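Please find one structure pasted underneath; my questions will follow.
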Amino acid sequence: MSEQTTASEITADEIWEVQPGERRSVGVIHIVITALLIGIGFVVGAFGSISFPLGFGVNFFWTGIAVQQIGAVWFGGWGVLAGTIFPFFSNAIAGTPFYVSAAYIPANLVQAFLPAWVFRRFKLDPRLKSGRDYGILFLAMIVSSAFGALWSPLVVLKGFGLLTTDSLPLFIWGWFGGNVVAGLVFNFVLLKALSAVVIRTPAFVKRWWS
Amino acid sequence: MSVIIEIKDYSWQYMNTRQAALNDINVQVKEGMFVGIIGANGSGKTTLAYSLNGLIPGQYNGIKHGEVLIYGKEVEEYKSGELQKFTGMVFSDPEAQFTAMTVEDELVFGLENLGMSIPEIRERLEWVTELTGLETMLLKPPYELSGGQKQRVALAAVLAMTPKLLILDEPTTMLDPVSRRRVFEVLAKLKQEQNNTIIVIEHNLENLIPLADRMILLSDSRLILEDETQQFFQNMELISQEGIYPPGALQFFYELKKAGKISDTLPVTLPDASKQLKQLFN
Amino acid sequence: MNKTLLGYVPTQSPIYAIHPFVKLFFLLIVSLFPMFVTAPEWNMLLMLVLILLMWISRVDMRTLKIYVPVAISMGSIIIISYILMSGTHPEYQLIARFAGIKVYWERVRDAIVVYFRILPMIFTMVFFLSTSRERDVIVAMRTIRLPFVVTYVFAMALRSAGMVLEDFQIVRQAEQARGFDSTGKSLAYKIRKYVNYMIPLFALSLRRSEEFTNALVARGYAFTGEASRVKRADYVLTHYSFKYFDAIFTAIISISFIALLFMRYGYDYFAIDQSILLNWLKNILM
């Protein structure tokens, strides 16, 4: 195969900016990548849900967070869509009732969206070249998981009458910790290891949909 | 026979690469022809195949020079889905082509994309399953089949759309010899009964040579040899230099020719080789 | 045997006579029943009905064993949440006290109510997953006229999940063939190993995305443009016809739900106060 230019020659700004004359459009590849992310997330998320359960889809160590957040960073809106949808299925397999899983959707949406947004807004390098990249990503992980942790136990589980007010802190911290710890373990490693390859593929999304 | 593929001074360089994958390619293919494309890995065979059905530049970013005309029209000018109505492609890895739950769904997918009605689909399904011997496998998941069966399903899924131009990119790479033969038997049937134009990229020449009308040799992004099959394989020195290993019988006669034992045209098929050998003994 | 989303069901199972839409409808509606029923004996009855349906459908009942740990862990969480972490509530009736923890009747009652609401919801999902083939779910989605792209993404996602599992097995077998064994290793080590699996799994999926896309485009599929607006024949639906008993089942499910709502909100039926089981339990504990 032909020699490739080195990935290190591309700057973070160049990664996210649409170059003059560059044509980008939504295509079949985006549908495919959404489906593949849902598939990976389904397996990885179910593993986390079954291996480290707290209850009602809340986990001590939710491995699906990596697919949810990294998929969204790389593939924009398609990754956010996949990250919102797949927990529904992985929770279902792990024994979370249908409507409880459905009610988690806003939490999963925010958890997927925020990292994707910060990368585009602050032109962070998905290859994590500087402390700024690490720092802002970490903040996004914290804030998004905090929202998820508040929404899910507080609104969903309390709303369905599945938890009492006194037990809420356990589930809030469980959700938050389960996502942040798993995110710390997986997100940085995956971004470091694969971003250089992903940004060169036609599937990589610079804006939100192409 | 009219020319349906015309490639003029065509070059293609993938984005973020230093070298072009194809350089100054000029080829004409007439309707109804069976063309074999051979070459070492990285010579540009797959890029050429993708250029013929619109995957390049449709799905890949890069720099294009020259023209690729299918039925007189540049591939880029075809609207999305239009070129695929008469150009079908089978890839080397059947597993990567299956997205449906059953063989039947896999075969029907392309027909639904064409907007065919249910009676038309039913009729086409019956025809293609009989052609490829898949009648008993329709309700099985394609990924649970053997390698040879999978490739037959991949081939059937494309044939069901009755493309006038059929491109196969190393269709037998992952198959055993028996399965390989079965795939080529289907291609032979197509050549005999339909008037499809067939382009096959292959490393294994044993089954390809008897069917091919013309052969193309690519090397390091360039077309270095193109001719009718019989004439093509008279250039054994060049072909061998490119790391291509023709069938044993052909190589045997080439060695005899090199040793000055024969001066005839080299036989390219086994029946021709057998006939020539008998003549030699007589 | 036919492979379903959660195991295998014999080909002769009567569940295959039911249109997939009815199974999806059953999941969506019956999952709601426990939300409106607080008396636990009614939810227990629903669970029994679901188990009976699974048995009639010839589901391998060993599938349910997978969910025993889920049921136990959920029960434990509810006990912790409702009983052990119930706080101090002078308005409630105290029934026991140990190690500084006050056990109130209302909390015990609520824990039982919640637990027996969750279990039938889970059973409904398990029933659906163990009796539905992948194709059934696609057909159900097409029947309710979800856009083709939605059903296709779902089908591809299922396919992709299967491939990820296969890849995972292959990577593990390759490691075992090289003498690697994680038995007895620490959790941290196993997690580190898991990270190493994730990278090739992601990489393989990325490569597949290109191959799948080429295969779809080569067969004329388009997401945008004129080609995407082609009227699809939905050939798969020709294998499934909505029969009279499908209509009957759909009607039964709908009428049951409406009747439940009517009785719950019109006559306060299925409420905690009406529960024979809870009243009996209260008498024993108080």
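Per-chain numbering from 1; labels A, B and C assigned in written order.
We adopt the following convention: a contact is a pair of C-beta atoms (placed from the backbone, for glycine too) under 8 Å apart; a residue touches a chain by one contact, two chains touch by 3 or more.
Computed from a prediction, not measured in an experiment: that's the story for all the values here.
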Reference chain C; chain at largest CA-centroid distance: B
By count of C-beta pairs in contact, the leading pair of chains: A-C
Centroid distance [mean C-alpha coordinates] between chain C and chain A, Å: 23
CA centroid of chain A to CA centroid of chain B, Å: 41
For chain B paired with chain C, centre-to-centre distance based on mean C-alpha positions, whole Å: 46
Per-residue overlap in chain C, given as positions that touch at least 2 other chains: 152, 156, 158-159, 162-163, 208, 210, 212-213, 216-217, 221-222, 224
Per-residue multi-chain contacts in chain B, two or more chains: 59
Chain A, residues touching no fewer than two other chains: 27-29, 202
Chain C-touching residues of chain A, taken from the complex the two chains share: 25-40, 42-44, 53-56, 61, 63, 66, 86, 89, 92-100, 160-167, 170-171, 185-186, 189-190, 193-194, 197-198, 201-203
In the complex with chain C, residue positions of chain B that touch it: 50, 53-55, 58-59, 79-82, 84-85, 88-89, 91, 93, 96-102, 105, 108-118, 121-122, 141, 143, 157-158, 161
Residue ranges of chain A touching chain B (in the complex, touch as defined): 1-5, 27-29, 200, 202
Residue ranges of chain C touching chain A (in the complex, touch as defined): 6, 27-28, 31-32, 35, 67, 70-71, 73-74, 76-78, 80-82, 85-87, 107, 110, 113-114, 117-118, 121-122, 124-126, 129, 149, 152-154, 156-165, 168, 191, 194-195, 198-199, 201-203, 205-206, 208-210, 212-213, 216-217, 221-224
Contacting residues of chain C [partner chain B, same complex]: 3, 133-135, 138, 152, 155-156, 158-159, 162-163, 208, 210-222, 224-228, 230-236, 238
